[in-house]
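Multiple structures are listed underneath, in structure tokens.
Here come two complexes built around chain A, the first alongside chain B, the second alongside chain C.
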Partner chain A sequence: MESILFYLFAVLMLGSAVMTVTSRSAVAAAVWLVFCFVNAAGVFALLSAPFLAILQILIYAGAIMVLFLFVIMMLQGPVLPDERERRPWSRIAVLVLPPASAAVILIAWLARGGVTAFSGAQPAVRGTAEAVAELLLNRYLLAFELISVVLLVAIVGAMALGRRKEELPWK
Partner chain B sequence: MEVGLTHYLILAGALFLTGTAGVLTRRNSLIMFMSVEIMLSSVNIVFAAYSRASGDLSGHVFVLMNFAVAAAEAAIGLAILVEIFRLRRSVNVDDLNSLME
Partner chain C sequence: MESITGLLTKIFGDGMSPMALLISGGLTMALIMSLVMAMCAIVFTWMERKVAGFLQSRYGPMRVGGFHGVLQPVADMLKILGKEDIIPDEADKALFMLSPFVIFIGSLMAWAAIPFAPGFIASNLDLGLFYIFAVSSAAPAGILMAGWASNNKWALYGAARGAAQMVSYEIPLALAAIPVVMATGSLNMNAIVDAQGGGVLNWYIVHDPFLFLAFCLYFIASIAEVNRGPFDMPETESELVAGYHTEYTGMRFAFFFLAEYANLFLVSCIATAVFLGGWHPIAGPVFLPGLVFLIKAVILVFLQMLVRWTLPRLRVDQLMHTCWKVMVPLTLLCVLGSGIWMMVSGELL
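Right, the complex of A and B next:
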């Protein structure tokens, strides 16, 4: 059952990621990316991380993608497929990506005999909100406070970038 | 065959490669941004998979940090994109070459 769900989520996630990268229109790419993140939440749920699965839906598929779609709609022009979608880097991508993909497949082939199964490892620790909060507010309290400073700087920076230049206090 | 750590690592590697391909080949900076989000997401899967394999929840804390970094990156990056669009009326990275000239 778990492996069926894993392959379902994995195939859907990879497929929608490829559709995101290859879509001509930015709106279509954003909608495929939302689907990709919903499947990532399913992968987290399989990894016994229900708290992360919910946050993935809330933050990624919710907040971040709404921001993306809002900006795409606001910019209007680039919503239409860009006729000048030239690909000068394609040659490098063609040189680099097939060997990298071959490496992934090689790793998969090498690991066919010795897949690290979770059942043989440590007993599963469920990443519920309580368990993660216990770590976050004790052992990683400093990192937790610092990441809130990062978010504060991002808020101030985004507001400073979004205002009209003559409204800035130092102008 | 039972699904284990290796399967999740291969999924994350394939996702990371997909994101890399998007950043390298696309010229629309919005879609390049989305490809970067795919790459960040694949790293989250690696953290969660190793957390599951080692029975330690610290990886989940790192994923939370990564969520915050991704949100900050999207907010700042999209604000910069809006500002660039106001100045140049384009989000195609080929038009942003004034430092090359």
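Right, the complex of A and C next:
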């Protein structure tokens, strides 16, 4: 059952990832990317990391992709023209790069011991809310808080840079 | 799901494999939840029109079905089923056809973790509350898809407003539930309801003043989250025709409508389970738990309708101001305050 679901999610995830990069319309690409994230969440859930799976849906499929869609729609995301004629090298790249990267992954996989390395391996940490909280708020508390401060500085900086000079009309 | 799988074992004997039991139990629960959503739309449209009529000193629907027009929604449903399915020529057809179902599925998935009665919950997830907020965050994407795919400027404006509003109000909505999670020490919906047993004084709404404030903030944010008045910016009929579903007709429009009323009931169910003791009655032992739960949730739905037909609509900038500069700081105050309350009262482990 679990392996059936794993292959289902994996195939859907890879398929929608391929559709993301091959779509000519930016909006269609963004929607395929949402689907890809949802399937990634399914894989996380099967890897006994439910917290990560839900975060994946909440943050990536929910918040970040909505912002992406916003920007694409407001800026009238272009439908890309067919550029195969203008860039003849791209055809060769398409023929060479995927097999080359597949070969690299295969070599890395065999070097780590092939099938035997992963069979029957139990996850070291169960990805429940408690386990994640234990790591984030006890062991790595300082790093976690520092990252929050860095993100806060980034948000304040973005607001300061994006602010209009004149007062807003309704104030 | 336990009650459903138990029932299935009783009917079909012990011969079913666990996987078959899981799949058939899951499908049964999904069917029940879809029916609940359909019933929401049917019952609440009638109720909404009656409440609106009452507040505007008129009767509302009176003719279909004898007593106070109770069969009006059935007549409306038959009419909408017979409508032509129009897809605009210039629309992005795939996205246009897909988006009602994205919104519907986001709503249906959230019902999986609502505890209606002891044992009657589709999936007793450890992270139930978190899961509900996560899957309902798919709705803004569906609204944006609908508005953009329609290729209509009113629809696009409505979608942009709707998505911005829902993304913003998700934050106070989730933050307002956090004090309850702190008090329970769990995100499991059953655990949250179980912790409120034994009379009205154990409900989280009266647990401490900060939780009462959190409930009020949750209620306001939930009205905005389901895009209803006074926060119905996405479909302001006086300026945007009908917002993001301007171009939709027939069954596709019905799916938006279904999701809207189902979400209205969903946020009330979450409030019932999280703040109002779930299936626990005001006093005495647990009796007819499902009915108690339903009564509380329907009262909240009624309150939301009263608010919708009483207050005038906000402006877009007022809406965003309310969310980011009033409600988010207040919910953060609730989190901090109930943390301090728990520390002082010695509840903290």
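As a working rule, the second predicted complex is superposed on the first by the 118 of 171 C-alpha atoms of A that agree within 3 Å, B and C clash if a C-alpha of one lies under 4 Å from a C-alpha of the other, contacts with A are read in each partner's own complex, and residues count from 1 in each chain.
By our rule, a residue touches a chain if its C-beta (ideal position, glycine included) is under 8 Å from a C-beta of that chain, and two chains touch if they have at least 3 such contacts.
On a predicted model such as this, the values are computed, not experimentally measured, just so you know.
Of the two partner chains placed around the shared chain by superposition, chain C is the only one that A:129 touches, whereas chain B remains out of contact. Once the two complexes are laid over each other on the shared chain, residue contacts for A:62 go to chain C alone; chain B is not touched. When both complexes are overlaid on chain A, the residue A:34 reaches chain C alone and has no touch with chain B.
Chain A has more of its residues touched by B than by the other of chain B and chain C.
In the superposed pair of complexes, A:154 makes contact with chain B only, with no contact to chain C. When the two complexes are overlaid on their common chain A, residue A:73 makes contact with chain C while staying clear of chain B. Of the two partner chains, chain B is the only one that A:48 touches; chain C does not reach it. Residues 51, 55, 63, 67, 74 of chain A contact both chain B in one complex and chain C in the other. Touching chain B in their complex are the following residues of chain A: 2-3, 6-7, 10, 13-14, 17-18, 20-21, 23, 26, 29-30, 33, 36-37, 40, 43-44, 46-49, 51-52, 55-56, 59-60, 63-64, 67-68, 71-72, 74-75, 77-78, 82, 84-87, 89-90, 92-93, 96-97, 100-101, 104, 107-108, 111, 115-119, 121-125, 127, 131-132, 135-136, 139-140, 143, 147-148, 150-151, 153-155, 157-158, 161-162.
Listed in rising order, the residues of chain B touching chain A in the complex are 1-11, 13-15, 17-22, 24-28, 30-31, 33-35, 37-38, 41, 44-45, 48-49, 51-58, 60-61, 63-65, 67-76, 78-83, 85, 89-92, 94.
Against chain C, in their complex, chain A makes its touches with residues 1, 25, 27-28, 31, 34, 50-51, 54-55, 57-58, 61-63, 65-67, 69-70, 73-74, 128-129, 168, 170. Contact residues of chain C toward chain A in the complex are 19, 92, 94-95, 98, 125-127, 130-131, 133-135, 137-138, 140-141, 144-145, 147-148, 156, 159-160, 163-164, 167, 170, 187, 317.
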